[in-house]
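Alright, structures below, take your time with them.
Below, chain A partners chain B and then partners chain C, in two separate complexes.
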Partner chain A sequence: MDLALNLQTALNGLANGALYAVIAAGFVLVYRATSVVNFAIAEFLLIGAYLTYTFSLFLPLLPAILLALPLAFAFGVLVERVFVRPLLGRNVVAVIMATIGLASALDGATLLIWGPDQKAMGTADAFQLPKEVPNLALRLGEVFLSSKAVWSLILALPLALLLIAMLKYSRYGILLRAISESETAALALGINAPRVVAVAWGISALMATVGGAFLAGAAGGGGPGHHLILLGLVVFPVAILGGFDSVPGAVVAGLLIGLIEAFSQLYLESLLPGITQAIPFLIVLLVLLFRPYGLFGQHRIERV
Partner chain B sequence: MSKVLLEAQDLHLSFRGVKALVGVSFSVSEGDLFAVIGPNGAGKTSLLNVLSGLYKPQRGRVSFLGEDLATLSPQERVRRGLGRTFQNLELFRGMTVLDNVKLGAELAVGTYTDLLPKASVEWRIRRHAEEVLDYLHLSPYRHAPAGALPYGLQKRVEVARALAGRPKLLLLDEPMAGLSLEEKQDLARFLLDARREWGVTLVLVEHDLKAVLELSTRVMVMSYGEVLYQGEPAGVREDRRVAEAYLGRSA
Partner chain C sequence: MAEIQVENLKVVYRGVILALQGVSLRAGAGEAVALLGPNGAGKSTLVRSLAGLLPQYDGRVLDGRILLNGQESHHLPALKVASLGLTAILEGRPIFRYLTVVENLRAAGHKLPPERQKAITEEIFTRFPRLYERRFEQGGYLSGGEQQMLLLGMALLTEPKILVVDEPSLGLSPKLTEEVMRVLDELRRDKGLTLLLVEQNAKAAFSIVERVYVMEQGRIVFEGTSQEAQADADVMEFYLGGAAAGGFAEAKRYRRRKRWV
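Showing the complex of A and B:
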């Protein structure tokens, strides 16, 4: 066993996991606020990545991401207003079908706008400015961390932790928890539930954009393309492992899945090619068998 | 005669042919303890939902403090001082009793748009909430998760949360249902105290006739969406139509 190699694998796994964590945290936030499972979450991160890419045609990448965030927020609010709100109170299946339909529609829309080919992030060059984010690749002795990993760890992880803190201590966080427990009561206390819910959708899209931009290689390692949708699907195993209604759970589960993927890549991939992609879903099967509430989910006790 | 707070005129509400309210009119004056009674399915909860803005009546109008409520959303109505509680408990079960009541108290202090809590406002909310908890004898449970309390206490927490918002008028949907006799008497006493202490006008929906007649200043009896009787509590027992609805035709 090579200690340095294992350490490097662990850190890179955590870095990737931090991106999963950010995306899954936003996904779970929406589920907590509205009990809506957003099947279009993979498209949220695809669109976030494409928006970042589009701005990066004119701007350096870091400002491009910053500029994409408010747009992503507005997009999330728009989806809530147009697709989700009219269906509230209907059958759960109706809402699920609507978000699945939204996913296909967004797939098509992104194909029309940005085309089928994979883009390269941060290469287009209009104003002779430095395009890439600063290269933060690190070498600590034997351990090498790519710039992408460092960016993920210093950007995505704090963002996910910030969301947890906001949910616990900010007024919006408290209102959101109240709404998730009983929307009727929240309304009866004069809480502006529609606005809080819209903000939750906006934040979810915003976090998907951060995760999507870096997964798509904002700090090196490719560019946005439709393969992101497959990457985005990992949100579901992460959310289930975390308990589905717990934001901290989603963050821990994201990191965990990132770690497991990295080590599976290192040790199992040579024995069982392709296992790394399947592993998150295998974990979900096991979780559902042995801990149906995930790691941090609320145990719902039915009283009769 | 004291000031009219809430007035409903000719309310009609039906769900695909099922008539929930048929021409219901009444008015509640300041300081009243107005009881709405009727058997199950009489339209009492529908009436409350119309008043608090969850349902839109097909006909008729509701005004509160002289203002027409037709265009106001539920949360705007609450902010005008029209509070309510629910028949099936709607507590924030995962939060502590104190947090529940504090969310209610925010209404009285008015802090809807702040992103982060402000210390001075937070202090006022807290003091306000503690006062209500004290009044309803809930202080010992303040740090317990609301969902873990026994049913009777949960009901009381819901009343406390609504009272903490300092409503001018509080709509109570069957607050006594499912309580033991002793708990009913306690709650009745708390409600009367609250009315005296904070000047809250109360509208009490109940199907237990007896509990209500002793408390209320005015009574409205409903059956199948219609008003059978409206007036002094003392007159209810003599009213022929009420007796028929409650006891059957032979009475």
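Showing the complex of A and C:
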């Protein structure tokens, strides 16, 4: 076995997994706050990538991403206010159908606005500024890390870890966890539950944008297109593996799936073409069979 | 200090279930008032109405009004009601079970500046040393009595003027119930709170309140001082278990004597 190749595969897998982790962490955050499964998460990712692409027509990519973030946050808040909040407390199927409907509507909207073709990030630069994010590609001996991998590891992973820390220690995180247990009890204590929940949707959209921008090639490797929806669907196996209601679980599961995908690409793809795309979903099948609450699902508190 | 005034309040759930059928009640500023009644009398509906939480239960005020310190509140959402100084401790000990004791307190005191929050938290730990000992444990693992103490601590951190407590004695031993009542009384006197205590355990409630209301089937059927309630044969029979239980004859006698309904 080639140690350097395996190490390189592991690091690149972790880097890709960090992108899954950041998107899944936001997805699980919304589930924790509202018990709503956001079936439009892949479209959140797509819109984040397209927003970044649009700004990248005028600006270098890094400021383009930074500008896309507040817009994505506002978009998440808007979705919560317009589509989700009016349906909370209704039949769970109604809420599921609403997010599926939202996904279709957003698909259509992105097709209308940006067209069906895959775009290339930062192809035009009105101000003649450097288009790319700085190239951080690394070679450590025989191990090569692409710029995209390094950016993912230094941006997406810390962002996911920051979300975990925020949820654990910050005032907002405590309020969100309180609301996730009982919105009514929280309201009785004067906690502004609607605002906290809306912010959770905003954060989720923001994190999807970071993941989407880099999956779409902000640090090299293509550009946004509807193929991102398929990539975004990986969020579901990641969330299920992590326990669905655990943000740290989602982060660990994201990294794990990234690793497994990378090694499957290296060792299995030649034997079983297409296995890499299927493997996250096969893992979900196994998890659902043996650990229905995932790796880090919340244990019920029962006093005896 | 603030007062509660409820005038002819009618509340309906899902547009069809009339839970309150014209309830009128008053708790003066700094006063302790008990609301007694059996299961299904409408006590918790009144608590929800006072706290602005009816929409969460698919309910709404059909008629009448609620005044908190003179300000109409029956049409206000829970957040606005809370900002008027009313804190409701709902039935079923609704602490946040997965949050630690400290996190529960932080959530309750989220509006306070850090120094104020710290000062009140220290006061809570002084009053309830057991909570301090278990401060890093999840609320769900506390005993019933400790959870009730935690809820009182959380209520203190909202700096209420009016405290509405729904069935604090539920599931507690007589000794713990006595302790909870003592603490409630102490808090009310120390903080000058207006207290509306909603209870099925009349004996426990009598020990700390000045006036008593009794509810039956969505109506107030008795109103008087704590002494008057304890002197009333019906109240004593139905809420302190004075009557011998069982038998069809007893049931008929119960219905005949329940002349207030």
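Criterion: the second predicted complex is superposed on the first by the 298 of 304 C-alpha atoms of A that agree within 3 Å, B and C clash if a C-alpha of one lies under 4 Å from a C-alpha of the other, contacts with A are read in each partner's own complex, and residues count from 1 in each chain.
The working rule: a residue touches a chain if its C-beta (ideal position, glycine included) is under 8 Å from a C-beta of that chain, and two chains touch if they have at least 3 such contacts.
No experiment lies behind these values; they were computed from the predicted model shown.
Q: Putting chain B and chain C on the same copy of chain A, do they fit or clash?
A: clash
Q: Check whether A:R81 is in contact with chain B, with chain C, with both or with neither, and answer first, second, both or neither.
A: A:R81 contacts neither chain B nor chain C.
Q: Could you tell me if A:A188 is touching chain B, chain C, both of them or neither one (first, second, both, neither)?
A: Both partners.
Q: Should A:H226 be classified as contacting the first partner (chain B), the second (chain C), both, or neither?
A: neither
Q: Please write out, lowest number first, the residues of chain A touched by both chain B and chain C across the two complexes.
A: Residues 171, 174-175, 177-178, 181-182, 184-185, 187-192, 298, which sit in both footprints.
Q: What residues of chain C sit close enough to touch chain A in their complex?
A: For chain C paired with chain A, touching residues are 51-53, 56, 58, 78-79, 82-83, 87-90, 94-99, 103-104, 106-108, 110-111, 138, 140-141, 143, 154, 158.
Q: Which part of chain A faces chain C closely enough to touch in the complex?
A: It is residues 89, 171, 174-175, 177-178, 181-192, 298, 301, 303 of chain A that touch chain C.
Q: In the complex, go through chain B and note every residue touching chain A.
A: Touching chain A: residues 52, 54, 74-76, 78-79, 83-86, 90-95, 99, 103-104, 106-107, 111-112, 114-117, 161-162, 165 of chain B.
Q: Within the complex, which stretch of chain A touches chain B?
A: 169-172, 174-175, 177-178, 181-182, 184-185, 187-193, 298
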